[in-house]
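Chain lettering (A, B, C, D and E) follows the sequence in which the chains are written, and residue indices restart at 1 in each chain.
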Amino acid sequence: MSQILSWIVLLPALTGLLILLLPKSLEAKSRQIAVIATLIVAALALWAAQAFDVNAADPLHFHIRTEWIPMLGIHYDLALDGMNLPLVLLTVLLTPLAFIGTWNQTSGDSTMQKRMSALVLIMETGALGTFLAQDLFLFYIFWEVILLPAYLLIGMYGGAERMKTTLQFFLYTFAGSILMLVGIAWLVHMQSQTTGHPDASFQALMNLKIPFASSQGPAGLFSTQGLLFAAFAAAFFIKAPLVPFHAWLPSTYRQAPTLVSIYLAAILSKMGTYGILKILIPMFPEAAHSFQPVLMSLAAFGIVYGALLAIVQTNFKTAVAYSSLSHVSYILLGLFSLKAEGMGGALLQMVNHGIAIAGLFMISGFLEKRRGSLELKDFGGWAPQTPVLATGFMVIVLSTVALPGSGGFVGEFAILIASFRVNGYITAVAATGMVLGAVYMLNLYQKTMFGRYVDDYVKKVADLDFREIFVLVVLGIFIVGIGITPQPFVAPSRTAIEDSAKRVSPNDALPERQAVPGQVSR
Amino acid sequence: MVEPVVLILAIVVALLAALTVFSRSPISSAFSLVMMMVALAGIYGVSGAHFIAALQAIVYAGAIMVLFVFSIMLLNMNDEHNEIRFRSWKTVLACLGAASVLAGLSYAFIQWSSEANGPTPGIMTLEQIRSIGGNVVAVSGAMFSQAYVQFEFISLLLLVAIASALVLAKRKVD
Amino acid sequence: MNLAVLSDLPFWILIVPLIGFFLNGVVIPLASGGITKTKPMISGGIATLAMAVSFVLAVIAFTRLGGESGALQYTGFKWIDFGNLSVTLNLRIDRLSSLMTLIITGIGTLIHFYSISYMSHEKGVARFFAYLNLFCFAMLLLVLSDNLLFLFFGWEGVGLCSYLLISYWYEEESNADAARKAFLVNRIGDLGFVLGMCLLYVQLGTLSFTEMMALISPTTSVALLSLAAVFMFFAATGKSAQFPLYVWLPDAMAGPTPVSALIHAATMVTAGVYLFARMYFLFELSPELMTVVAYTGALTALLGGILALAQTDIKKVLAYSTVSQLGFMFLALGVGAYQTAVFHLMTHAFFKALLFLGAGSVIHGCDGEQDMRRMGGLAKAMPVTYVTMLLGSAAIVGLPIFSGFFSKDEILYMALGAPRGSWILFGAGLLAAFLTGVYTMRMLTQTFWGEAKAGIHGHESSWIMTLPLIVLALLATFGGFLGFPHEMGHWFGIEHSHLLSAWLAPVVQQVEIVTGSSPMPEIVVSILAVSIAIFGLVAGKTFLKNISFETSPVLKRLFVGQHFMDTFYSSCIVAPLYWISRRLVQTFESNVMNNIGGWIGVGSNWSGERLRLTQSGDIQLSMLSLMAGLAFVVGILIFWVAV
Amino acid sequence: MNSGTILHILSAYLFSMGLLALILRRNTIVMLMGIELMLNAVNLSFVTFARELSQLNGQVQVFFIITIAAAESAVGLSILINVYRNFGSIKTDRTTVLRS
Amino acid sequence: MSFSSMFPMNFIEGQQWLGILPLFCMTLTAIATLLLSALRHQGRAVAFAMLLIGSIAAVASTVVFPFQDTIVILDGVLVFDRLSQVFSAICVLAGLAAALMTLGFDEREELQPEYFTLIAFAVVGMVAMVSTRNLVFFFISLELMSLAVYVLVSMHRQSPMAAEAGLKYFLLGGAASAVLLYGASILYGATGSLDVTGIREAFQSQWNGHLPLLPLVGLGLFSVGFLFKIGAFPFHVWIPDVYTGAATPVTGFMISAVKAAATGALLRMCLELFVGPVSTEPTLVVIISAITVATLLFGSFVGVRQTRLKRIFAYSTIVHTGYVLLGFLALLGGGEGAKDAASSIVSYTIFYVVMNLGAFAVLTMISPKDNDDLTLDQLTGLGRRRPMLAFAMSVFLLSMAGIPPTAGFFGKYYLFSAALSSGYVWLTIVAALASVVSAVIYLRPMVYMYMKESEESFQVVPAIWLGSNIIVVLSLFLTVMMGLLPAWFSNLL
């Protein structure tokens, strides 16, 4: 079991390759195999999470560290820690759910389905590897592993403008990540200069003192730390995305097939925010501090901007895409607050947003499957025909509008509190997202579920089938569960994040804690 | 100090080179080139490189240029005329470029003539060469003691030339 | 009953409606094979039972509380503990909560019961009762929470249920619109709540009421806390339908009438008043703000009265009446009479629930007709409804001995006598009381009296509906004696005749009117108020009988239909917002944020044009390029060395 | 300025002339001659440097270069013949099928 | 002074023969194939078999006798060390691979059996090129290689494109060689030595590293010749046309072996000339930086517009030249990054050769008869018709684009790392951004293979040739292996 993380990370990709090699006669079974593999991964991950000890002396659980490319100090280095635990669980749970929830939606023949399953599995490996990697280079490798399957999936299964869209998606993310690659190379070089032997692991790099121009403002950008910050930020901000690096997002989410949209919005964007949490902020604390006003402003702007654009969309999926933009900006606001509770709230919000946006895209898949279109003008009055769908949709809407009692609220509240401690005005702007978010979500809900139906089509619409209900119920349980008792979900990451916050905001006193926080019940 | 013979030959070479480039028909270009090579052989001779001078006259002016002229005749190309369009911007640009390369190199050479830290000259002065039996003996001695690998390699080059003729010029075997 | 169970009482009071919600929302639909096949008797029965149990528990809690001035505390769990953020979920019943709990569960039970009959013709009533139970749960959470955060849970929860219930008949687009409007306007208010809460937490480090009260002292940073108070007031204006955020409440009448009675009259809309009473220590930091609150209340009271006059829909009349009464409560709050506000909250809950249920009965009897102009002469057809409505009207107008008399007079007295009171507030209150008389009389006249109109043949509702009417009528009639003024109590030789005040005194502040500081004694105020109210009634019956805003174009534009606030909002806020959004989509998103692929395309096109020559395949040009490179290299070298 | 420098400049001149021939002329055979011109420039340069340096090495290289030039022109002429067979001309403006 | 003391005879003896063995094997092979290809029957098969045996022998001799010491023959006319062994092996194997992928193709396109002879001669030239310090011997071997390749390019006799390409390559290549040689002569004149070690000593002892104009100009001219061979802007002009016109396997040979040989030789020159006490001329750095940036941008932006596959690869190779130049800059930057830079250049070259060979093997198989100038349209639907072939092609393309976990990614990272170590931050950023643009070059074929609907008229039925298949499978395996375990392949020096 010492290699459990390797299994968790590599099993999906191996299964994916296996699926690719399936003979024609077995192709029809590809999705069953994929789901079984993802369930095994989920079981392994849950086992690992259950064995996770908040009070362990070594924060890195199930640590695997093997030399890989010695001359560049690169290791195969995986570990479960407080920061990645929630995201790993999110990934392993959402992947099978995404498969199950989109079971009847994949178009094309069995070969196409086979390829789709395989590529999604490879994406899962990329995501899990990104979260679990404790070596910067390895992080990058897994980060990029995602890119190609996503590119192919959008390009092969997407909507009418898929080729343009997928190219754009690829280029944006690639542009960001290649700059990060330069940053990694530079950082490892500096590390090697300081200590004499290169080491790309996070721990080694965290101890690096990177020179930063002490003066506030743009001058800092051109110091070493500023440039490195920018290089990493490019990757993370594009992936997340932070306005104005979001140009790839709307069309990509819209054109991608449902399964991929779920993956992109729920998991891939979390890779960006996770990168900010895990790398950008703790490694470049002075730069992060110096750019904080700009970044928080951008995040707050993104909240409002995404919401405003979501309001006027006439396509369900595009509206959801912009809503995602708005919500991710919340996460970013929390991260850039550089406060423990803000970052913790952001981490929780990553999970919440992952669940909620997965739900929304599932819903869009359900709608599209039943209607053959996602233009809002084609919808209306579904609630009487599909009460279960309407209910499930409502639960997800509530999480999206951050209603207290849903997961969405907890994160946003923590984020707003933290942000308020930094800047009240920015927070006030950001908080308007609450109202605007309600505007577009209720619009969407009303235009699809309420009102009179557009034509007789709706009479033939069937309510959710068993698989779809199952998926929504699981998502709903998590939404409500996190909303009501968030503490068990944030407790594992608390130490890690508070340490991180201490690095970046040393002056921000945290309450004294017992060495063994007894009140944290698991 | 410039030896007058060298100067005269240099001027002749320069004129013939220009003729080669700018003359109307390929055949006159070829003949200018032959003449130029002969003149160049003269320069080599004056410079003490007798072996090279002979080689230049025999191989270049003899063999290679015959090949050229032969090809011109064979491919019946002599009716084609000089096609340089002097008004063209490309021509102007080319001349400017050539002039600047020439100027740059000349500048470098002239500056070099006053360079103090140049390499120490070797022992093979003209007198020394004369003493060991003349230029041909000296050159062959140097070649076959120090440069026989190159010499051998040149043979491979000639083999490639043969192969190329086999491959490209041979009539198609049907 | 041992102590452990007792301390769990708040939990059970809270959770029983939730169980009802769960049964109605999940179990019953599953058991009866689809939500549309659920039976009103079963669903309604379960829901009512849940509320009744909760009520009984609330009564037990009340009795337990009676002996001591302390509170019942239920320690929940650590909700979140992260960084500097730490909140624990605790429930707490003190005297104010207890009163609120009784109102909510009591009136809630009655309305649930009423709904069994009222909703009997609907398909899928389980959904309705589930929502209703969920609402009660949220409302109870709101009043039981010992901290601001969970109060906010309830606060938003009731907003959600309000949304769900207003849009209950969602096939009508307008109902859905109304629901959305209610939710969004409330959300705007909640924005203030969240910001206020953040500010309080950042300032005080806690959200628990008791701890906050302990921490707030005159030495604390008053400026920021006052700002928090402003935010909270803003939140309250949304929830309690004060100017300028009252616009959602009339539209909210799109929901079923029991919903209007429970949510939009008795309980939810009074959450703002509860918030003020609960957090008086915060609001009292800023007398300026409280003055604003008082004037806002007065303005709202007046505006509600005027708007009520303009309505033809019986429910809209009552809705604006609610707005007006809530204005009274805020007037009381503003001058510092928190207990009085709670008192009026209670009496208003009684009589307004009664009036709504009565109106519901009328509508039910008229087969869904809501336009008063098409009603008339229903008194004979619906005697019980008529009588109870009459009692409720008497209460709202404030005729002596009826509950509204006591509470409204107290408010007027406070408006005049309290240190922050003034003649203006008092005058506005009187005018509003006058308007109350007018619109009430107008409603009664048009509905019950006169000739029956063609096509409307009212019939009395079943006992299930009339029973709650009767109970509420009794409460509306006699509930006011809980707040029998001290001054008058002295005449009857009763110490502490104001029972409510005595009950609330340990937890809710009340401004003291020093004897003689008031321009008029309370009895004079009472007489004045009653006279005004009766004058209003008379006016409503006589010279203002046929008042109609339809005839005057100005008035019509201002007060009828899409009245001025709606127009203001839609043209000054909503339209610009959409305009900006569309602009952004059309210009920025599609043009400026052009894609990177496009940039590369542009770049390659540009370079392709420029570099076309080098790619032409022309040997001469290739050579030229070669030589250019050569010249470049030589040139740079010479330049570098020579210069 | 001594005769060595003059010869160097002459070699630079020949070199530039060779380049010029390659750029200006469209007749492939003249372009071949341009290459020969350039190689001759190199030879001249080697010989002159050899004399200046009193070394034999330079002259030895010239021997090789002349041989290479022979081989190169042989290959060049076979390529020319191949082109002529394909296009019926050896003028570069008539021998273009490769365009992007 | 006696004649024999004046011209001391330098014999090749003892261990030196061991070093010369690969060169010797290849030379024998070349001559033998020349003779054997004249056989009337089975000329091709016999010639190929000969080439196969000779190449294996040559590679085996490098593998069997690895040495750490440097063997110097005739004052550096031939030098055998790790570098020469590694690059000899690369070139021999690439030549063999090119021969292998021609099997089948040559019969269909009626290439003469001398094809293998010429490959062998070219490889001899390459092996010599990477094993010499002598400028003129370098020129001779370069010419040997070039002449053979000129002919290879032209030998697709039925194709006017090939003829034109050959002519172009010959004329431009001839000019470039002349420039290079002129640079060599100037260097000789300025330092009195034709040997790189001698030149370096002269640089050091005469001018203490601060060169006067003439040797600088000599270096410049010499570099121009190199830059031409590796295809840097603005000396890249021949690449698109020649790569398009030549037969596909020949292009594969050029893009892999010729480029590797030029890179190896340049690496040797740079290592011997500059690394160590002699500081690099800042002027050269400026020039090469400018050329690097121009090469990267030009290759990327122009490559994006191409629609013909071989042209696409031609521009791709220009971009890759830019990356290699980045490595050379890192090398010239000296200091501690130099060793890493050399390693990175070597590993990048190996990765690059492998992925290009694979890609061209695929191209060879999908090219239709008598017209192997493939367009993107002809790839349409390949993902369905030949999924494995398309998959392999995708892996090669991705490797070229530098997407992990392929070889190309690591190669790029290693180069970037080396460049950053030498302080070229902005240049690295430019290179990184160029790689984003150039990613489009590689993605477009994938779009056609996987995302466009197949139209009958464009379908090309891929040939199934054993040799090409072997190359594809091997390259695929190596590309992935090198991506996963790059350390095995990057510590060769």
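Note that in this section contacts are C-beta pairs under 8 Å (C-beta built on N, C-alpha and C of every residue); 3 or more make two chains touch, one makes a residue touch a chain.
None of these values were measured; they are calculated from a predicted model.
The most central chain, judged by the distance from its Cα centroid to the centroid of all protein Cα atoms shown, is A. Contact counts per chain pair peak at B-D. Most remote from chain B, judged by the distance between CA-atom centroids, is C. Chain D has its Cα centroid 7 Å from the Cα centroid of chain B. The geometric centre of chain A is 70 Å away from that of chain B, both derived from CA atoms. Computed from the mean C-alpha positions, the centre of chain A lies at a distance of 43 Å from the centre of chain E. With each centre defined as the average position of its C-alpha atoms, the distance from chain D to chain E rounds to 25 Å.
Among all residues of chain D, those that touch two or more other chains are 15, 19, 22-24, 26, 31-32, 34, 48, 52-53, 55, 57, 64, 68, 71-72, 75, 78-80, 82, 92-93, 96, 98, 100. Among the residues of chain C, those touching two or more other chains are numbered 596-597, 600, 615, 617, 619-621, 623-624, 627-628, 630, 634, 637-638, 642. Each of residues 136, 140, 143, 147, 150-151, 154, 157, 167-168, 171, 175, 179, 186, 189, 192, 212-213, 216-217, 240-241, 436, 440 in chain E touches at least two other chains.
Contact between chains, as defined at the top, is found for A-C, A-E, B-C, B-D, B-E, C-D, C-E, D-E. Of all residues in chain A, only 20, 68-72, 111, 137, 140-141, 144-145, 147-148, 151-152, 155-156, 162-163, 166-167, 170-171, 174-175, 178-179, 181-182, 184-186, 188-189, 227, 231 touch chain E in the complex they form. For chain B in complex with chain D, the residues that touch the partner chain are 1-3, 6-7, 10, 13-14, 17-18, 20-21, 26, 29-30, 33, 36-37, 40, 43-44, 47-49, 51-52, 55-56, 59-60, 63-64, 67-68, 71-72, 74-75, 77, 80, 82-84, 90-91, 94-95, 97-99, 101-102, 105-106, 109-110, 112-113, 119, 121-126, 128-129, 135, 138-139, 141-143, 146-147, 150-151, 154, 157-158, 160-161, 164-165, 167-169.
Contacts from chain C toward chain B in the complex involve residues 620-621, 624, 627-628, 630-631, 634-635, 637-638, 642.
Residues 1-10, 12-17, 19-21, 23-27, 29-30, 32-34, 36-37, 40, 43-44, 47-48, 50-57, 59-60, 62-64, 66-75, 77-82, 84, 90-91, 93 of chain D are the ones touching chain B in the complex. Residues 615-620, 623-624, 627, 630 of chain C are the ones that touch chain D when the two sit in their complex.
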